[in-house]
Amino acid sequence: MQNSKKNKDKILFFYLPLTLMISFTVFPIYWTLMTALKSEGDILKRPLEYVPLAPTLENFVMAWNNVGFATYFKNSLIVGVSTVLIVVVLSTLSGYALSRYKFKGKRSFLLMLLCTQFIPRSMMIIPLFVIFKNLGLISNPLSLIITYAAIEIPFTTVLMNGFISNVPRELEEAAMMDGCNRLQAIRFVVFPLLLPGIVATAVFTFIYTWNEFLIALMLTNQQSKFTLPVGLSYMMGEFNVNYGALAAGSIIALIPAVILFSYAQKHLVNGMGGAVKG
Amino acid sequence: MHVQGDVDLPVKNPSKTKKMKKRKMEKWIPYLFILPSFLIIVSFLFYPIGTVFYYSLQYYDISAPYYNKFAGLDHFKRIFTEDDLFLPSLFNSFKWVVSQVGLQLILGMILALLLNQTFKFRGFVRAVAFIPWAISGVLASVMWSLMYNEHMGVINDLLMRMGIISTPQAWLSDTTTAFIGVVIAEVWRGIPFFAITLLAALQSIPEELYEAARVDGAGRWKSYIHITLPQLKNTIVLTTLLRTIWEFNNVDLLFNLTGGGPAHSTTTLTMYIAEQAVHGSNFGYGSALTVVTFGILFLFAIIYLKASRFEREGD
Amino acid sequence: MYKHVSRSFMAISMAATLFLAGCSDETATAPKTPKGTKDEPVTITFWDENAGPQRTPIWEELIKRFEDKHPNIDVEYVGLPKDSAKKKMDAAIASDDMPDLASVQTSWLPEFSIREALLPLDDYLEKSDLKDKINEGAVKFNKDIVQDNKLYGIPYTQNLDILWVRPDWFKEAGVKVPEIWEEFFTAAEKMTDKSKNRYGYTIRGGAGGSFQLQRLMFAYSGLEDYIDESGKSTINDPKHVEFVEKYLALYKNFTPQSDITNGYKEMIAGFDTGAVAMVQHNIGSFGEHSEALAADQFQAIPLPKTEEGNSVAEGGNTIGISIFKTTKNPEAAWEFASFLNSAESQSYWNQQVGQIPTNSDVLNEQWIQESPHIQIAFEVYNDPNTVLYKPPFYLPDYRTILDNQVDAGTQAVMSGKSTVKEFLDEWAEAMEKSEKQYNEHFKK
């Protein structure tokens, strides 16, 4: 009797809402995948096919081959990984300063970080272009790496601040008593404990760089240096609407992120706990 | 990298003067640590932000440079007295941000509570639940415009099969459903952000607190109100603040799904800025609008942080 | 002014920037010495303003052919997504970092030339084999629309707005394919069968809709001026009011409800999924329809004729090759520009895309004779009675008014928030205001 009530409860308050939420999450992705597996004629055909009757990989082949997708994929990886490295190092340092020290100007620094987020990116494009033109870095991945890092650091600094606050100060002090200098203490004691937080920061940053379109387009004047979102935008222009290839391109672009999530979800969850406890 | 050399302090320092020196150096350490971040932000973001403030006082149209001249406060006068679209789009921004942040927070919270239970394949389900977060605004709008389409959209097809509607609906073409339609798509993308952060925070709540509550006979709801929510407060304050700023400036889905229409009914302030500056190349007026936005967000951030007493400088 | 201030801003930010990124590649910015002689290897950059899986491979093939012929010239192709191409060129001009040459829409020429971004090509064309071969009307049009009446773009392709219809449905219903406007409106009504989810027509109410609406308005009225001598715009001419009232009244009655926010892809999807009997676009979307529909399911017909029996087309519906003033290699750039406009290249490009070449040597080729939609375009353009009206491309906010104000205005009418008269009055007023400002500045 009691058991069946408990079961009912579990179904009503757990399985049912979980199923609903997950279906809501998964359905658009499922639909995109199914669209990618249909030929253009089948996509537009009615009644709709929920599972393609004649599945085809032609869209994937087309997306991958046609306009240099492989190159964009590689460029995106280069930009993404480099940005992640810079952001992780710099925001660890500044997050450390914020969480471990009292110093003059701390509040202003925090406020400055927030203020950088108030301006729509589209308003900053031309001045950014002028800066990098003067530096001779147009079409150089470095211009994207630097810009992305500058844009991401405010947020990741606040994140890292939270993570570091979560690592007991005593551990570090103990290490310094044992003769480590501060950087060594950070390197050997704080860093390992911070790993989950660093994974979270890295994932945040990587996903941002992976998806950013406008800056990537505007700061690059060479076809061979474009990143993935620029490549995807080719499939959306007038005369060029190809839902199947677009869907296939989207799925391909998603793959690294999915791999990243399945690998990082454990760290990510543990890591974020630190960040937001403050 | 150059920071490393500067702070490489001697490992052992027996003499007293050196100790004094070390203490003095310690004072500078936080500045050294924030220096690289500070420099990269100042060098690369301050100039672009500065130009926005500068051009807000200029007539500056990149497609008609021959009209460019000093404008004084003309743009601001126009914004507050003549512009029929400023207030409606500010109101749309408000609606957008409140519905986005509110719904994402509530649904993200529910998802986090669910994913915090133990069940089979939890790791897999978590990874799946987080995926929408990794999808860019542009891709998300492609996915949803495909689904919302009046003629070939799967949403109409599903609802018709279920007998909820009898003819295909044009979800993005009616002033009310268009807004709701875009809100749903963006909420879909935003839930994981809250789910992840809240889930993480949930895990750091000591189990003992709940046990104590259970002994006192508190039910599920009561312990949620009295234990979970207070423990999550800082997380909620931080994430909602960040999300508010982001959603305010987020135009991808609105732009791609409705283009701000029908008849500007879904145009937010940030979209309006893009319309003026980027598509209309009127950077002067767009900059002035941006400055106003900046002021609004600045005030909001300060009031919000004060009111929520977040991270008071007590440490 | 802009340069001055940016410099002082730059000084501050540069100092920090250089310090931080100290690895800038000095050699990359070093000015190259002008080259043009045959043997020295040069690289020129070419920007395509509508890149994508359909068009990019065509350019790549042409570049390959060109490089085989000119081993010393290396052409670097940069494909811009259509929606952002103008933005990207704007930024390039504003920051003085332009490509050597680009595919440029004719409507951008006045603006780019006033901004002193382009190289006049009159002399080059005069001395070249292409002289007298490129469509005279199109070349003249390009000269007429710019301030100094010079030639800034060599048109390589021409397009025409038409109606795509479902001949199979028309036959089935026994309705005549429309030739005049009255028939168009009747057809839209008769071809609508809501029980079958079929609509007679689809309106592009969203992004880009204003350009199509304008073409239909003039096709109905047959007016030639957009803005007359006195600075008055014809946009709110009674004939236009009459047309737009009839046209937008189709909405929801004989067109899908989603039309109000339709962009290009939604509009085309309506036709290609078999929900709509007629759609207005141009001959360039042939490729899209042929992928989704069988050959007997779609057909191009000219826009209906005016009461006087004339066809109307918008002038300047071409895309051309422009050379940018900053090029270090004008000779090599011209070499490539003239190669792209040669009979062989134009034939290849236009056949692949399904548009009209402008080089007279191509016009007799087999494929042109065999494609009905191009034949229709020819008939319209070659008809001496065809009216070519000229939109005020020279107004710097011409596109902005259409994109921002007119699209929203159309939607306001469609959703019943304003009347056609109000909408067209505001549109006309915006154009007149812009015209006045322009005249004050340039005719002082």
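Each chain carries a letter (A, B and C) given by its place in the written order, and its residues are counted from 1.
Everything below uses one rule, namely that contacts are C-beta pairs under 8 Å (C-beta built on N, C-alpha and C of every residue); 3 or more make two chains touch, one makes a residue touch a chain.
Source: prediction; values computed, not measured.
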item	value
Graph class of chain-chain contacts, one of line, ring, star, complete, other	complete
Among all chain pairs, the one with the most C-beta contacts	A-B
Whole-Å gap separating chain A and chain C, where each centre is the average of the chain's CA atoms	37
Between chain B and chain A, distance of the C-alpha-averaged centres to the nearest whole Å	14
Set of chain C residues in contact with two or more other chains	6, 9-10, 13, 17, 87, 91, 94, 265, 269, 273
Two or more partner chains touched - positions in chain A	44, 46, 126-127, 131, 146, 233, 236
Where chain B touches two or more other chains at once, by residue number	40, 43-44, 47, 50-51, 62, 151-152, 278
Residue ranges of chain A touching chain B (in the complex, touch as defined)	14, 17-18, 21-22, 24-26, 28-29, 31-32, 35, 43-44, 46-48, 50, 90-91, 93-94, 96-98, 100-103, 106-107, 109, 111-124, 126-128, 131, 146-147, 149-151, 153-155, 157-158, 162, 179-183, 207, 210-213, 229, 232-233, 236, 243, 246-247, 250, 253-254, 257-258, 260-262, 265-266, 268-278
Chain C - residues contacting chain A, complex	6, 9-10, 13-14, 17-18, 21, 23-26, 28-29, 45, 50-57, 76-84, 87-88, 91-92, 94-97, 99, 208, 264-265, 268-269, 272-274, 284-285, 287-288, 291-292, 353
In the complex, chain B residues that touch chain A	3-4, 7-12, 27, 29-31, 33-34, 36-38, 40-41, 43-45, 47-52, 62, 107, 110-111, 114, 117, 119, 123-140, 142-144, 146-147, 151-152, 154, 157, 188, 191-192, 196-197, 199-204, 234-235, 238-239, 242, 245-246, 249, 251, 270, 273-274, 277-278, 283, 286-287, 290, 293-294, 297-298, 301, 310-311, 313, 315
Contact set on chain C toward chain B in their complex	1-2, 5-6, 9-10, 12-13, 16-17, 19-20, 87, 90-91, 93-94, 111, 114-115, 194, 197, 205-207, 256-261, 263, 265-266, 269-270, 273, 275, 396-397, 400, 403-404, 407-409, 411-412, 414-415, 417, 437, 441
List of chain B residues in touch with chain C within their complex	39-40, 42-44, 46-47, 50-51, 54, 58, 60-69, 145, 149-152, 167-170, 172-175, 178, 258-264, 275-276, 278-282
